[in-house]
Amino acid sequence: MWDGGEIGTIRDIIEGKIRFFALCICLQVRTHALTPSASASSCSYSSQATMDSNKVVENIYLLVVVTLISVVQNAFFAQKVERECKNHQTHTAAFERVSCTNRNCMDAYPTFLAVMWCAGLCLSQAPAAFAGIIYLMVRQKYFAGYLGQTSQSTPGYLFGKRIIFFLFLMCIVGIFNYLLLRYYGSDYKEYVQTITGAASALLLLP
Amino acid sequence: MWDGGEIGTIRDIIEGKIRFFALCICLQVRTHALTPSASASSCSYSSQATMDSNKVVENIYLLVVVTLISVVQNAFFAQKVERECKNHQTHTAAFERVSCTNRNCMDAYPTFLAVMWCAGLCLSQAPAAFAGIIYLMVRQKYFAGYLGQTSQSTPGYLFGKRIIFFLFLMCIVGIFNYLLLRYYGSDYKEYVQTITGAASALLLLP
Amino acid sequence: MWDGGEIGTIRDIIEGKIRFFALCICLQVRTHALTPSASASSCSYSSQATMDSNKVVENIYLLVVVTLISVVQNAFFAQKVERECKNHQTHTAAFERVSCTNRNCMDAYPTFLAVMWCAGLCLSQAPAAFAGIIYLMVRQKYFAGYLGQTSQSTPGYLFGKRIIFFLFLMCIVGIFNYLLLRYYGSDYKEYVQTITGAASALLLLP
(Lines give C-alpha, C1' and ligand atoms only; values in the text may rest on other atoms or scores of the structure.)
Protein backbone atom coordinates (compact mmCIF):
# COMPACT_ATOMS: atom_id res chain seq x y z
CA MET A 1 0.00 0.00 0.00
CA TRP A 2 1.22 3.47 -0.82
CA ASP A 3 1.93 5.41 2.36
CA GLY A 4 2.20 8.92 0.98
CA GLY A 5 0.62 10.40 4.12
CA GLU A 6 3.24 8.90 6.39
CA ILE A 7 6.08 10.12 4.22
CA GLY A 8 4.50 13.55 4.36
CA THR A 9 4.51 13.44 8.16
CA ILE A 10 8.14 12.37 8.36
CA ARG A 11 9.04 15.08 5.87
CA ASP A 12 7.42 17.69 8.07
CA ILE A 13 9.81 16.80 10.87
CA ILE A 14 12.85 16.75 8.61
CA GLU A 15 11.81 19.92 6.86
CA GLY A 16 12.20 22.05 9.96
CA LYS A 17 15.90 21.19 10.09
CA ILE A 18 16.35 21.56 6.34
CA ARG A 19 14.81 24.99 6.49
CA PHE A 20 17.11 26.10 9.26
CA PHE A 21 20.21 24.90 7.42
CA ALA A 22 18.97 26.38 4.16
CA LEU A 23 18.46 29.71 5.91
CA CYS A 24 22.03 29.63 7.23
CA ILE A 25 23.50 28.71 3.85
CA CYS A 26 21.34 31.28 2.15
CA LEU A 27 22.48 34.10 4.41
CA GLN A 28 26.11 33.01 4.17
CA VAL A 29 26.00 32.92 0.38
CA ARG A 30 24.41 36.34 0.41
CA THR A 31 27.18 37.77 2.56
CA HIS A 32 29.77 36.40 0.16
CA ALA A 33 27.85 37.69 -2.81
CA LEU A 34 27.56 41.17 -1.39
CA THR A 35 31.21 41.58 -0.44
CA PRO A 36 32.74 41.80 -3.93
CA SER A 37 30.05 44.12 -5.28
CA ALA A 38 30.65 46.48 -2.35
CA SER A 39 34.39 46.60 -2.88
CA ALA A 40 35.72 49.14 -5.34
CA SER A 41 37.99 46.82 -7.35
CA SER A 42 35.21 44.87 -9.09
CA CYS A 43 33.04 47.92 -9.59
CA SER A 44 33.58 48.18 -13.33
CA TYR A 45 32.81 44.51 -13.87
CA SER A 46 29.69 44.76 -11.78
CA SER A 47 28.38 47.77 -13.65
CA GLN A 48 29.11 46.06 -16.95
CA ALA A 49 27.18 43.00 -15.82
CA THR A 50 24.30 45.27 -14.85
CA MET A 51 24.46 46.89 -18.29
CA ASP A 52 24.32 43.48 -19.98
CA SER A 53 21.43 42.45 -17.79
CA ASN A 54 19.55 45.62 -18.69
CA LYS A 55 20.20 44.94 -22.36
CA VAL A 56 18.61 41.53 -21.94
CA VAL A 57 15.62 43.06 -20.18
CA GLU A 58 15.31 45.66 -22.94
CA ASN A 59 14.71 42.96 -25.54
CA ILE A 60 12.16 40.96 -23.58
CA TYR A 61 10.31 43.27 -21.20
CA LEU A 62 7.12 43.46 -23.28
CA LEU A 63 7.05 39.67 -23.55
CA VAL A 64 7.52 39.41 -19.79
CA VAL A 65 4.60 41.78 -19.23
CA VAL A 66 2.32 39.67 -21.44
CA THR A 67 3.52 36.51 -19.68
CA LEU A 68 2.67 38.08 -16.32
CA ILE A 69 -0.82 39.03 -17.53
CA SER A 70 -1.31 35.47 -18.75
CA VAL A 71 -0.21 34.19 -15.32
CA VAL A 72 -2.81 36.41 -13.66
CA GLN A 73 -5.41 35.00 -16.04
CA ASN A 74 -4.31 31.45 -15.26
CA ALA A 75 -4.69 32.20 -11.55
CA PHE A 76 -8.17 33.60 -12.24
CA PHE A 77 -9.16 30.43 -14.09
CA ALA A 78 -7.69 28.19 -11.40
CA GLN A 79 -9.55 30.11 -8.71
CA LYS A 80 -12.82 29.59 -10.58
CA VAL A 81 -12.10 25.85 -10.65
CA GLU A 82 -11.24 25.76 -6.97
CA ARG A 83 -14.33 27.72 -5.92
CA GLU A 84 -16.58 25.46 -7.97
CA CYS A 85 -14.77 22.45 -6.53
CA LYS A 86 -15.33 23.57 -2.94
CA ASN A 87 -18.92 24.69 -3.37
CA HIS A 88 -20.15 21.40 -4.73
CA GLN A 89 -18.50 18.34 -3.28
CA THR A 90 -20.17 16.13 -5.87
CA HIS A 91 -19.14 16.40 -9.49
CA THR A 92 -21.85 18.61 -10.94
CA ALA A 93 -22.24 19.72 -14.53
CA ALA A 94 -20.99 23.21 -13.65
CA PHE A 95 -17.80 21.78 -12.16
CA GLU A 96 -17.30 19.59 -15.20
CA ARG A 97 -17.68 22.62 -17.44
CA VAL A 98 -15.22 24.84 -15.53
CA SER A 99 -12.72 22.03 -15.18
CA CYS A 100 -12.93 21.16 -18.88
CA THR A 101 -12.53 24.77 -19.98
CA ASN A 102 -9.58 25.24 -17.68
CA ARG A 103 -7.96 22.09 -19.01
CA ASN A 104 -8.46 23.17 -22.62
CA CYS A 105 -6.88 26.55 -21.84
CA MET A 106 -3.98 24.92 -19.99
CA ASP A 107 -3.40 22.44 -22.81
CA ALA A 108 -2.83 25.27 -25.24
CA TYR A 109 -0.82 27.43 -22.83
CA PRO A 110 2.72 26.02 -23.35
CA THR A 111 2.26 26.15 -27.12
CA PHE A 112 1.20 29.78 -26.93
CA LEU A 113 4.10 30.74 -24.64
CA ALA A 114 6.65 28.96 -26.81
CA VAL A 115 5.44 30.54 -30.04
CA MET A 116 5.15 34.03 -28.54
CA TRP A 117 8.64 33.97 -27.07
CA CYS A 118 10.17 32.55 -30.23
CA ALA A 119 8.46 35.21 -32.34
CA GLY A 120 9.57 37.92 -29.91
CA LEU A 121 13.17 36.75 -29.85
CA CYS A 122 13.50 36.03 -33.57
CA LEU A 123 11.84 39.07 -35.04
CA SER A 124 10.66 41.85 -32.74
CA GLN A 125 8.94 41.93 -29.44
CA ALA A 126 6.29 44.64 -29.87
CA PRO A 127 4.07 42.87 -32.43
CA ALA A 128 4.57 39.54 -30.66
CA ALA A 129 3.48 41.02 -27.33
CA PHE A 130 0.56 42.74 -29.02
CA ALA A 131 -0.59 39.44 -30.57
CA GLY A 132 -0.13 37.85 -27.16
CA ILE A 133 -2.51 40.33 -25.55
CA ILE A 134 -5.09 39.74 -28.28
CA TYR A 135 -4.73 36.01 -27.62
CA LEU A 136 -5.38 36.54 -23.92
CA MET A 137 -8.54 38.50 -24.75
CA VAL A 138 -9.71 35.69 -27.03
CA ARG A 139 -8.98 33.19 -24.28
CA GLN A 140 -11.01 35.19 -21.76
CA LYS A 141 -13.88 35.28 -24.23
CA TYR A 142 -13.55 31.53 -24.83
CA PHE A 143 -13.64 30.86 -21.09
CA ALA A 144 -16.74 33.01 -20.61
CA GLY A 145 -18.41 31.54 -23.69
CA TYR A 146 -17.73 27.99 -22.54
CA LEU A 147 -19.36 28.65 -19.18
CA GLY A 148 -22.37 30.41 -20.74
CA GLN A 149 -25.86 28.99 -21.16
CA THR A 150 -25.97 25.24 -20.82
CA SER A 151 -28.19 24.96 -23.88
CA GLN A 152 -25.82 26.61 -26.33
CA SER A 153 -23.13 24.52 -27.92
CA THR A 154 -19.60 24.82 -26.58
CA PRO A 155 -17.12 26.69 -28.80
CA GLY A 156 -15.02 23.60 -29.48
CA TYR A 157 -11.57 22.59 -28.39
CA LEU A 158 -9.42 25.03 -30.32
CA PHE A 159 -9.33 28.81 -30.11
CA GLY A 160 -7.04 31.65 -31.15
CA LYS A 161 -5.87 29.74 -34.23
CA ARG A 162 -5.38 32.92 -36.24
CA ILE A 163 -3.13 34.50 -33.61
CA ILE A 164 -1.02 31.39 -33.15
CA PHE A 165 -0.68 31.24 -36.92
CA PHE A 166 0.41 34.89 -37.05
CA LEU A 167 3.06 34.29 -34.37
CA PHE A 168 4.13 31.17 -36.21
CA LEU A 169 4.62 33.16 -39.41
CA MET A 170 6.64 35.74 -37.48
CA CYS A 171 9.02 33.01 -36.31
CA ILE A 172 9.45 31.66 -39.83
CA VAL A 173 10.08 35.12 -41.27
CA GLY A 174 12.61 35.82 -38.50
CA ILE A 175 14.56 32.62 -39.14
CA PHE A 176 14.36 33.08 -42.90
CA ASN A 177 15.71 36.59 -42.52
CA TYR A 178 18.58 35.31 -40.38
CA LEU A 179 19.47 32.66 -42.93
CA LEU A 180 19.37 35.28 -45.72
CA LEU A 181 21.71 37.48 -43.71
CA ARG A 182 24.06 34.61 -43.01
CA TYR A 183 24.36 33.19 -46.50
CA TYR A 184 23.70 36.22 -48.72
CA GLY A 185 24.58 39.11 -46.41
CA SER A 186 21.36 41.00 -47.06
CA ASP A 187 19.47 42.18 -43.99
CA TYR A 188 15.80 43.04 -44.42
CA LYS A 189 15.06 42.97 -40.69
CA GLU A 190 13.93 46.60 -40.38
CA TYR A 191 11.53 46.36 -43.31
CA VAL A 192 10.19 43.06 -42.04
CA GLN A 193 9.70 44.50 -38.56
CA THR A 194 7.77 47.47 -39.96
CA ILE A 195 5.57 45.21 -42.07
CA THR A 196 4.98 42.86 -39.13
CA GLY A 197 4.04 45.78 -36.90
CA ALA A 198 1.51 46.97 -39.44
CA ALA A 199 0.20 43.46 -40.05
CA SER A 200 -0.34 42.85 -36.34
CA ALA A 201 -3.07 45.52 -36.42
CA LEU A 202 -5.04 43.18 -38.69
CA LEU A 203 -5.46 40.84 -35.70
CA LEU A 204 -7.85 43.42 -34.27
CA LEU A 205 -10.35 42.62 -37.02
CA PRO A 206 -13.08 40.42 -35.58
CA MET B 1 -25.66 30.92 -10.59
CA TRP B 2 -22.64 31.76 -12.66
CA ASP B 3 -23.51 34.26 -15.37
CA GLY B 4 -20.51 33.90 -17.65
CA GLY B 5 -22.63 34.26 -20.75
CA GLU B 6 -23.93 37.67 -19.70
CA ILE B 7 -20.45 38.94 -18.93
CA GLY B 8 -19.42 37.71 -22.35
CA THR B 9 -22.20 39.75 -23.97
CA ILE B 10 -21.29 42.91 -22.08
CA ARG B 11 -17.68 42.38 -22.99
CA ASP B 12 -18.59 42.18 -26.66
CA ILE B 13 -20.02 45.68 -26.45
CA ILE B 14 -17.05 47.06 -24.55
CA GLU B 15 -14.57 45.28 -26.76
CA GLY B 16 -15.52 47.28 -29.84
CA LYS B 17 -14.38 50.47 -28.11
CA ILE B 18 -11.29 48.86 -26.62
CA ARG B 19 -10.30 47.65 -30.06
CA PHE B 20 -10.68 51.08 -31.56
CA PHE B 21 -8.59 52.72 -28.84
CA ALA B 22 -6.01 49.95 -29.00
CA LEU B 23 -5.74 50.47 -32.74
CA CYS B 24 -5.14 54.21 -32.24
CA ILE B 25 -2.54 53.63 -29.52
CA CYS B 26 -0.92 50.93 -31.57
CA LEU B 27 -0.52 53.11 -34.63
CA GLN B 28 0.70 56.04 -32.55
CA VAL B 29 3.31 53.92 -30.81
CA ARG B 30 4.39 52.60 -34.17
CA THR B 31 4.85 56.11 -35.55
CA HIS B 32 7.01 57.02 -32.56
CA ALA B 33 8.97 53.80 -32.86
CA LEU B 34 9.68 54.35 -36.53
CA THR B 35 10.83 57.96 -36.24
CA PRO B 36 14.15 57.40 -34.43
CA SER B 37 15.13 54.43 -36.57
CA ALA B 38 14.55 56.54 -39.69
CA SER B 39 16.68 59.42 -38.45
CA ALA B 40 20.39 59.28 -39.17
CA SER B 41 21.67 60.07 -35.68
CA SER B 42 20.67 56.75 -34.06
CA CYS B 43 21.64 54.70 -37.08
CA SER B 44 24.73 53.18 -35.52
CA TYR B 45 22.86 52.21 -32.37
CA SER B 46 20.08 50.66 -34.41
CA SER B 47 22.46 48.59 -36.51
CA GLN B 48 24.27 47.45 -33.38
CA ALA B 49 20.99 46.38 -31.82
CA THR B 50 20.21 44.46 -35.03
CA MET B 51 23.62 42.81 -34.82
CA ASP B 52 22.99 41.75 -31.23
CA SER B 53 19.57 40.46 -32.17
CA ASN B 54 21.07 38.41 -35.00
CA LYS B 55 23.64 37.01 -32.58
CA VAL B 56 20.82 35.86 -30.33
CA VAL B 57 19.03 34.27 -33.28
CA GLU B 58 22.25 32.56 -34.32
CA ASN B 59 22.40 30.65 -31.04
CA ILE B 60 18.80 29.52 -30.96
CA TYR B 61 17.50 29.22 -34.50
CA LEU B 62 17.66 25.43 -34.65
CA LEU B 63 15.81 25.22 -31.34
CA VAL B 64 13.18 27.60 -32.68
CA VAL B 65 12.74 25.42 -35.77
CA VAL B 66 12.18 22.32 -33.65
CA THR B 67 9.77 24.25 -31.42
CA LEU B 68 7.82 25.31 -34.50
CA ILE B 69 7.62 21.73 -35.74
CA SER B 70 6.38 20.65 -32.32
CA VAL B 71 3.73 23.40 -32.47
CA VAL B 72 2.55 22.08 -35.84
CA GLN B 73 2.35 18.61 -34.32
CA ASN B 74 0.38 19.94 -31.35
CA ALA B 75 -2.04 21.59 -33.75
CA PHE B 76 -2.36 18.28 -35.63
CA PHE B 77 -3.15 16.45 -32.38
CA ALA B 78 -5.62 19.12 -31.30
CA GLN B 79 -7.36 18.98 -34.65
CA LYS B 80 -7.74 15.21 -34.32
CA VAL B 81 -9.38 15.76 -30.91
CA GLU B 82 -11.70 18.44 -32.25
CA ARG B 83 -12.78 16.38 -35.26
CA GLU B 84 -13.51 13.38 -33.06
CA CYS B 85 -15.34 15.67 -30.64
CA LYS B 86 -17.59 17.10 -33.37
CA ASN B 87 -18.31 13.83 -35.15
CA HIS B 88 -19.62 12.05 -32.09
CA GLN B 89 -21.55 14.22 -29.69
CA THR B 90 -21.63 11.40 -27.14
CA HIS B 91 -18.41 10.39 -25.43
CA THR B 92 -17.41 7.34 -27.41
CA ALA B 93 -14.41 5.09 -26.86
CA ALA B 94 -12.62 6.65 -29.85
CA PHE B 95 -13.03 10.12 -28.39
CA GLU B 96 -11.78 8.93 -25.03
CA ARG B 97 -8.75 7.42 -26.71
CA VAL B 98 -7.83 10.52 -28.72
CA SER B 99 -8.46 12.83 -25.80
CA CYS B 100 -6.36 10.69 -23.45
CA THR B 101 -3.46 10.45 -25.90
CA ASN B 102 -3.54 14.17 -26.49
CA ARG B 103 -3.52 14.84 -22.76
CA ASN B 104 -0.57 12.49 -22.20
CA CYS B 105 1.35 14.26 -24.97
CA MET B 106 0.46 17.69 -23.60
CA ASP B 107 1.44 16.68 -20.06
CA ALA B 108 4.95 15.88 -21.20
CA TYR B 109 5.24 18.86 -23.54
CA PRO B 110 6.46 21.59 -21.11
CA THR B 111 9.02 19.21 -19.65
CA PHE B 112 10.35 18.42 -23.10
CA LEU B 113 10.52 22.08 -24.13
CA ALA B 114 12.27 23.11 -20.92
CA VAL B 115 14.89 20.36 -21.15
CA MET B 116 15.54 20.91 -24.85
CA TRP B 117 16.02 24.66 -24.48
CA CYS B 118 18.21 24.27 -21.40
CA ALA B 119 20.38 21.72 -23.20
CA GLY B 120 20.58 23.95 -26.26
CA LEU B 121 21.53 27.04 -24.28
CA CYS B 122 23.94 25.34 -21.89
CA LEU B 123 25.88 23.16 -24.28
CA SER B 124 25.20 23.38 -28.00
CA GLN B 125 22.09 23.67 -30.05
CA ALA B 126 22.66 21.22 -32.89
CA PRO B 127 22.56 17.96 -30.87
CA ALA B 128 19.73 19.33 -28.73
CA ALA B 129 17.65 20.17 -31.79
CA PHE B 130 18.48 16.78 -33.29
CA ALA B 131 17.31 15.00 -30.14
CA GLY B 132 14.20 17.20 -30.20
CA ILE B 133 13.33 16.03 -33.71
CA ILE B 134 13.81 12.40 -32.70
CA TYR B 135 11.51 13.05 -29.73
CA LEU B 136 8.85 14.47 -32.05
CA MET B 137 9.07 11.34 -34.24
CA VAL B 138 8.70 9.14 -31.15
CA ARG B 139 5.70 11.20 -30.07
CA GLN B 140 4.08 10.81 -33.47
CA LYS B 141 4.59 7.08 -33.25
CA TYR B 142 3.18 7.03 -29.71
CA PHE B 143 0.11 8.94 -30.87
CA ALA B 144 -0.48 6.58 -33.79
CA GLY B 145 0.20 3.52 -31.61
CA TYR B 146 -2.23 4.70 -28.96
CA LEU B 147 -5.00 5.11 -31.51
CA GLY B 148 -4.28 1.76 -33.17
CA GLN B 149 -6.31 -1.42 -32.79
CA THR B 150 -8.64 -1.33 -29.83
CA SER B 151 -7.59 -4.81 -28.83
CA GLN B 152 -3.89 -4.13 -28.41
CA SER B 153 -2.65 -2.70 -25.15
CA THR B 154 -1.87 0.99 -25.00
CA PRO B 155 1.83 1.91 -24.86
CA GLY B 156 1.61 3.32 -21.34
CA TYR B 157 1.85 6.81 -20.00
CA LEU B 158 5.52 7.60 -20.56
CA PHE B 159 7.42 7.81 -23.83
CA GLY B 160 10.69 9.19 -25.10
CA LYS B 161 12.41 8.54 -21.78
CA ARG B 162 15.77 7.91 -23.43
CA ILE B 163 15.73 11.20 -25.31
CA ILE B 164 14.68 13.24 -22.29
CA PHE B 165 17.47 11.53 -20.36
CA PHE B 166 19.98 12.39 -23.07
CA LEU B 167 18.94 16.06 -23.04
CA PHE B 168 19.07 15.99 -19.25
CA LEU B 169 22.65 14.70 -19.36
CA MET B 170 23.54 17.44 -21.84
CA CYS B 171 22.31 20.08 -19.39
CA ILE B 172 24.31 18.58 -16.53
CA VAL B 173 27.47 18.37 -18.63
CA GLY B 174 27.00 21.97 -19.74
CA ILE B 175 26.62 23.28 -16.19
CA PHE B 176 29.47 21.12 -14.94
CA ASN B 177 31.67 22.49 -17.70
CA TYR B 178 30.73 26.06 -16.77
CA LEU B 179 31.57 25.44 -13.11
CA LEU B 180 34.90 23.88 -14.11
CA LEU B 181 35.68 26.94 -16.21
CA ARG B 182 34.72 29.29 -13.43
CA TYR B 183 36.60 27.69 -10.57
CA TYR B 184 39.50 25.96 -12.33
CA GLY B 185 39.78 27.93 -15.55
CA SER B 186 39.81 24.87 -17.78
CA ASP B 187 37.40 24.89 -20.69
CA TYR B 188 36.51 21.56 -22.27
CA LYS B 189 33.48 22.91 -24.11
CA GLU B 190 34.68 22.14 -27.63
CA TYR B 191 35.59 18.54 -26.79
CA VAL B 192 32.33 18.06 -24.96
CA GLN B 193 30.37 19.49 -27.88
CA THR B 194 32.09 17.12 -30.29
CA ILE B 195 31.41 14.14 -28.06
CA THR B 196 27.79 15.19 -27.57
CA GLY B 197 27.34 15.56 -31.30
CA ALA B 198 28.66 12.08 -31.88
CA ALA B 199 26.63 10.64 -29.00
CA SER B 200 23.39 12.14 -30.33
CA ALA B 201 23.67 9.81 -33.32
CA LEU B 202 23.17 6.92 -30.86
CA LEU B 203 19.59 8.14 -30.38
CA LEU B 204 18.89 6.87 -33.90
CA LEU B 205 19.30 3.30 -32.71
CA PRO B 206 15.88 1.74 -32.27
CA MET C 1 -12.50 4.86 -39.59
CA TRP C 2 -9.21 6.13 -38.32
CA ASP C 3 -6.41 3.75 -39.26
CA GLY C 4 -3.63 5.04 -37.01
CA GLY C 5 -2.23 1.56 -36.49
CA GLU C 6 -1.70 1.00 -40.19
CA ILE C 7 0.01 4.34 -40.63
CA GLY C 8 2.25 3.39 -37.72
CA THR C 9 3.27 0.17 -39.47
CA ILE C 10 4.05 1.92 -42.73
CA ARG C 11 6.01 4.53 -40.84
CA ASP C 12 8.12 1.80 -39.25
CA ILE C 13 9.23 0.73 -42.69
CA ILE C 14 9.92 4.26 -43.87
CA GLU C 15 11.63 5.21 -40.66
CA GLY C 16 14.51 2.79 -41.22
CA LYS C 17 15.48 4.67 -44.37
CA ILE C 18 14.90 8.09 -42.82
CA ARG C 19 17.14 7.13 -39.95
CA PHE C 20 19.90 6.03 -42.26
CA PHE C 21 19.73 9.23 -44.28
CA ALA C 22 19.51 11.33 -41.13
CA LEU C 23 22.61 9.60 -39.82
CA CYS C 24 24.51 10.40 -43.00
CA ILE C 25 23.39 14.04 -43.03
CA CYS C 26 24.11 14.33 -39.35
CA LEU C 27 27.66 13.06 -39.69
CA GLN C 28 28.28 15.20 -42.76
CA VAL C 29 27.05 18.36 -41.01
CA ARG C 30 29.24 17.49 -38.07
CA THR C 31 32.31 17.17 -40.28
CA HIS C 32 31.60 20.57 -41.79
CA ALA C 33 30.96 22.07 -38.37
CA LEU C 34 34.21 20.76 -36.98
CA THR C 35 36.40 21.90 -39.84
CA PRO C 36 36.28 25.66 -39.28
CA SER C 37 36.69 25.38 -35.51
CA ALA C 38 39.78 23.24 -36.02
CA SER C 39 41.36 25.67 -38.47
CA ALA C 40 43.45 28.46 -36.99
CA SER C 41 41.92 31.36 -38.90
CA SER C 42 38.57 31.38 -37.10
CA CYS C 43 40.07 30.61 -33.73
CA SER C 44 39.49 34.04 -32.24
CA TYR C 45 35.87 34.08 -33.37
CA SER C 46 35.30 30.63 -31.94
CA SER C 47 36.77 31.52 -28.56
CA GLN C 48 34.70 34.69 -28.49
CA ALA C 49 31.57 32.70 -29.23
CA THR C 50 32.51 30.33 -26.41
CA MET C 51 32.98 33.32 -24.10
CA ASP C 52 29.54 34.66 -25.04
CA SER C 53 28.01 31.27 -24.52
CA ASN C 54 29.61 31.03 -21.09
CA LYS C 55 28.28 34.48 -20.25
CA VAL C 56 24.80 33.26 -21.11
CA VAL C 57 25.26 30.17 -18.96
CA GLU C 58 26.56 32.36 -16.12
CA ASN C 59 23.26 34.22 -15.95
CA ILE C 60 20.98 31.20 -16.06
CA TYR C 61 22.79 28.22 -14.58
CA LEU C 62 20.94 28.28 -11.26
CA LEU C 63 17.62 28.47 -13.09
CA VAL C 64 18.68 25.53 -15.26
CA VAL C 65 19.54 23.52 -12.15
CA VAL C 66 16.10 24.16 -10.64
CA THR C 67 14.47 23.30 -13.97
CA LEU C 68 16.37 20.02 -14.03
CA ILE C 69 15.27 19.20 -10.49
CA SER C 70 11.68 19.94 -11.48
CA VAL C 71 12.06 17.62 -14.48
CA VAL C 72 13.25 14.84 -12.19
CA GLN C 73 10.23 15.47 -9.99
CA ASN C 74 7.92 15.37 -13.02
CA ALA C 75 9.44 12.04 -14.01
CA PHE C 76 8.89 10.77 -10.46
CA PHE C 77 5.22 11.81 -10.60
CA ALA C 78 4.76 10.31 -14.05
CA GLN C 79 6.31 7.04 -12.91
CA LYS C 80 3.88 6.88 -10.00
CA VAL C 81 1.01 7.31 -12.46
CA GLU C 82 2.35 4.65 -14.78
CA ARG C 83 2.93 2.13 -12.00
CA GLU C 84 -0.58 2.66 -10.64
CA CYS C 85 -1.91 2.40 -14.19
CA LYS C 86 -0.21 -0.94 -14.81
CA ASN C 87 -0.99 -2.49 -11.44
CA HIS C 88 -4.71 -1.98 -11.70
CA GLN C 89 -6.16 -2.34 -15.17
CA THR C 90 -9.52 -1.05 -13.95
CA HIS C 91 -9.86 2.58 -12.95
CA THR C 92 -9.58 2.34 -9.18
CA ALA C 93 -9.82 5.17 -6.67
CA ALA C 94 -6.05 5.10 -6.14
CA PHE C 95 -5.43 5.55 -9.85
CA GLU C 96 -7.93 8.40 -9.99
CA ARG C 97 -6.16 10.07 -7.10
CA VAL C 98 -2.64 9.78 -8.55
CA SER C 99 -3.80 10.80 -12.01
CA CYS C 100 -5.68 13.81 -10.66
CA THR C 101 -2.75 14.98 -8.53
CA ASN C 102 -0.38 14.60 -11.44
CA ARG C 103 -2.70 16.59 -13.67
CA ASN C 104 -3.03 19.38 -11.11
CA CYS C 105 0.75 19.56 -10.81
CA MET C 106 1.20 19.52 -14.59
CA ASP C 107 -1.44 22.22 -15.05
CA ALA C 108 0.51 24.59 -12.86
CA TYR C 109 3.91 23.62 -14.24
CA PRO C 110 4.17 25.93 -17.30
CA THR C 111 2.99 28.87 -15.21
CA PHE C 112 5.65 28.18 -12.62
CA LEU C 113 8.41 27.78 -15.20
CA ALA C 114 7.43 30.97 -17.00
CA VAL C 115 7.30 33.07 -13.84
CA MET C 116 10.55 31.66 -12.46
CA TRP C 117 12.49 32.27 -15.68
CA CYS C 118 11.06 35.76 -16.09
CA ALA C 119 11.96 36.64 -12.51
CA GLY C 120 15.43 35.20 -12.95
CA LEU C 121 16.08 37.05 -16.19
CA CYS C 122 14.55 40.37 -15.14
CA LEU C 123 15.98 40.75 -11.67
CA SER C 124 18.46 38.20 -10.38
CA GLN C 125 18.70 34.47 -10.59
CA ALA C 126 19.70 33.45 -7.06
CA PRO C 127 16.46 34.42 -5.25
CA ALA C 128 14.37 33.17 -8.18
CA ALA C 129 16.08 29.78 -8.11
CA PHE C 130 15.75 29.67 -4.33
CA ALA C 131 12.01 30.34 -4.57
CA GLY C 132 11.83 27.69 -7.28
CA ILE C 133 13.34 25.09 -4.97
CA ILE C 134 10.90 26.02 -2.20
CA TYR C 135 8.08 25.64 -4.74
CA LEU C 136 9.30 22.17 -5.66
CA MET C 137 9.31 21.19 -1.98
CA VAL C 138 5.76 22.50 -1.60
CA ARG C 139 4.75 20.55 -4.67
CA GLN C 140 6.25 17.35 -3.29
CA LYS C 141 4.34 17.90 -0.05
CA TYR C 142 1.15 18.57 -2.02
CA PHE C 143 1.60 15.36 -3.98
CA ALA C 144 2.19 13.31 -0.83
CA GLY C 145 -0.70 15.04 0.97
CA TYR C 146 -3.07 14.39 -1.91
CA LEU C 147 -2.27 10.69 -1.92
CA GLY C 148 -2.55 10.41 1.88
CA GLN C 149 -5.45 8.87 3.80
CA THR C 150 -8.58 8.50 1.74
CA SER C 151 -10.68 9.94 4.55
CA GLN C 152 -8.94 13.28 4.84
CA SER C 153 -9.96 16.07 2.51
CA THR C 154 -7.75 16.81 -0.46
CA PRO C 155 -5.69 20.01 -0.24
CA GLY C 156 -7.56 21.69 -3.09
CA TYR C 157 -6.57 22.59 -6.59
CA LEU C 158 -4.10 25.38 -5.96
CA PHE C 159 -0.79 25.28 -4.12
CA GLY C 160 2.33 27.39 -3.80
CA LYS C 161 0.36 30.61 -4.25
CA ARG C 162 2.71 32.58 -2.01
CA ILE C 163 5.80 31.55 -3.98
CA ILE C 164 4.23 32.29 -7.36
CA PHE C 165 3.19 35.67 -5.98
CA PHE C 166 6.73 36.35 -4.79
CA LEU C 167 8.18 35.50 -8.19
CA PHE C 168 5.48 37.61 -9.80
CA LEU C 169 6.48 40.59 -7.64
CA MET C 170 10.13 40.04 -8.60
CA CYS C 171 9.21 40.30 -12.29
CA ILE C 172 7.25 43.51 -11.74
CA VAL C 173 10.06 45.06 -9.71
CA GLY C 174 12.56 44.09 -12.39
CA ILE C 175 10.55 45.64 -15.20
CA PHE C 176 9.77 48.73 -13.13
CA ASN C 177 13.47 49.13 -12.41
CA TYR C 178 14.27 48.84 -16.11
CA LEU C 179 11.69 51.49 -17.00
CA LEU C 180 13.07 53.80 -14.29
CA LEU C 181 16.56 53.34 -15.71
CA ARG C 182 15.37 54.00 -19.23
CA TYR C 183 13.31 57.11 -18.62
CA TYR C 184 14.95 58.64 -15.54
CA GLY C 185 18.45 57.19 -15.68
CA SER C 186 18.42 56.02 -12.09
CA ASP C 187 19.46 52.42 -11.48
CA TYR C 188 18.43 50.82 -8.21
CA LYS C 189 19.10 47.28 -9.39
CA GLU C 190 21.75 46.43 -6.81
CA TYR C 191 19.66 47.64 -3.88
CA VAL C 192 16.62 45.83 -5.24
CA GLN C 193 18.60 42.63 -5.69
CA THR C 194 19.86 42.80 -2.10
CA ILE C 195 16.35 43.40 -0.77
CA THR C 196 14.94 40.59 -2.92
CA GLY C 197 17.64 38.24 -1.68
CA ALA C 198 16.79 39.04 1.91
CA ALA C 199 13.05 38.83 1.26
CA SER C 200 13.36 35.40 -0.34
CA ALA C 201 14.38 34.04 3.07
CA LEU C 202 10.86 34.90 4.26
CA LEU C 203 9.54 32.14 1.99
CA LEU C 204 11.09 29.67 4.43
CA LEU C 205 8.51 30.65 7.05
CA PRO C 206 5.85 27.95 7.19
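In order of appearance the chains are A, B and C, and numbering begins at 1 in each one.
As a working rule, a contact is a pair of C-beta atoms (placed from the backbone, for glycine too) under 8 Å apart; a residue touches a chain by one contact, two chains touch by 3 or more.
Predicted, not measured: the structure shown is a model, and the values here were computed from it.
Peer 1: Could you work out how far chain A has to rotate to sit on chain B, using CA atoms and steps of 5 degrees?
Peer 2: In short, 120 degrees.
Peer 1: List the interface residue numbers of chain A and of chain C, divide the shared ones by all numbers used, and answer same when the ratio is over half, different when under half.
Peer 2: different
Peer 1: Could you state the distance in Å from the CA-based centre of chain A to that of chain C?
Peer 2: Centres of chain A and chain C (C-alpha means) sit 12 Å apart.
Peer 1: Residues of chain B that touch two or more other chains: which are they?
Peer 2: Those would be 103, 110.
Peer 1: In the complex, go through chain C and note every residue touching chain A.
Peer 2: Against chain A, chain C makes touches at 55, 59, 94, 103, 107-108, 110-111, 114-115, 118, 121-122, 126, 130, 137, 140-141, 143-149, 152, 156-158, 161, 164, 168, 171-172, 174-175, 178-179, 181-182, 187, 189-190, 194, 197-198, 200-201, 204, 206.
Peer 1: Report the residues of chain C in contact with chain B in the complex, numbered from low to high.
Peer 2: Residues 2, 4-5, 7-8, 11, 15, 19, 22-23, 26-27, 29-30, 33-34, 37, 46, 50, 52-54, 56-58, 60-61, 64-65, 67-68, 70-71, 74-75, 78-79, 81-82, 85-86, 102-103, 106, 109-110, 113 of chain C touch chain B in their complex.
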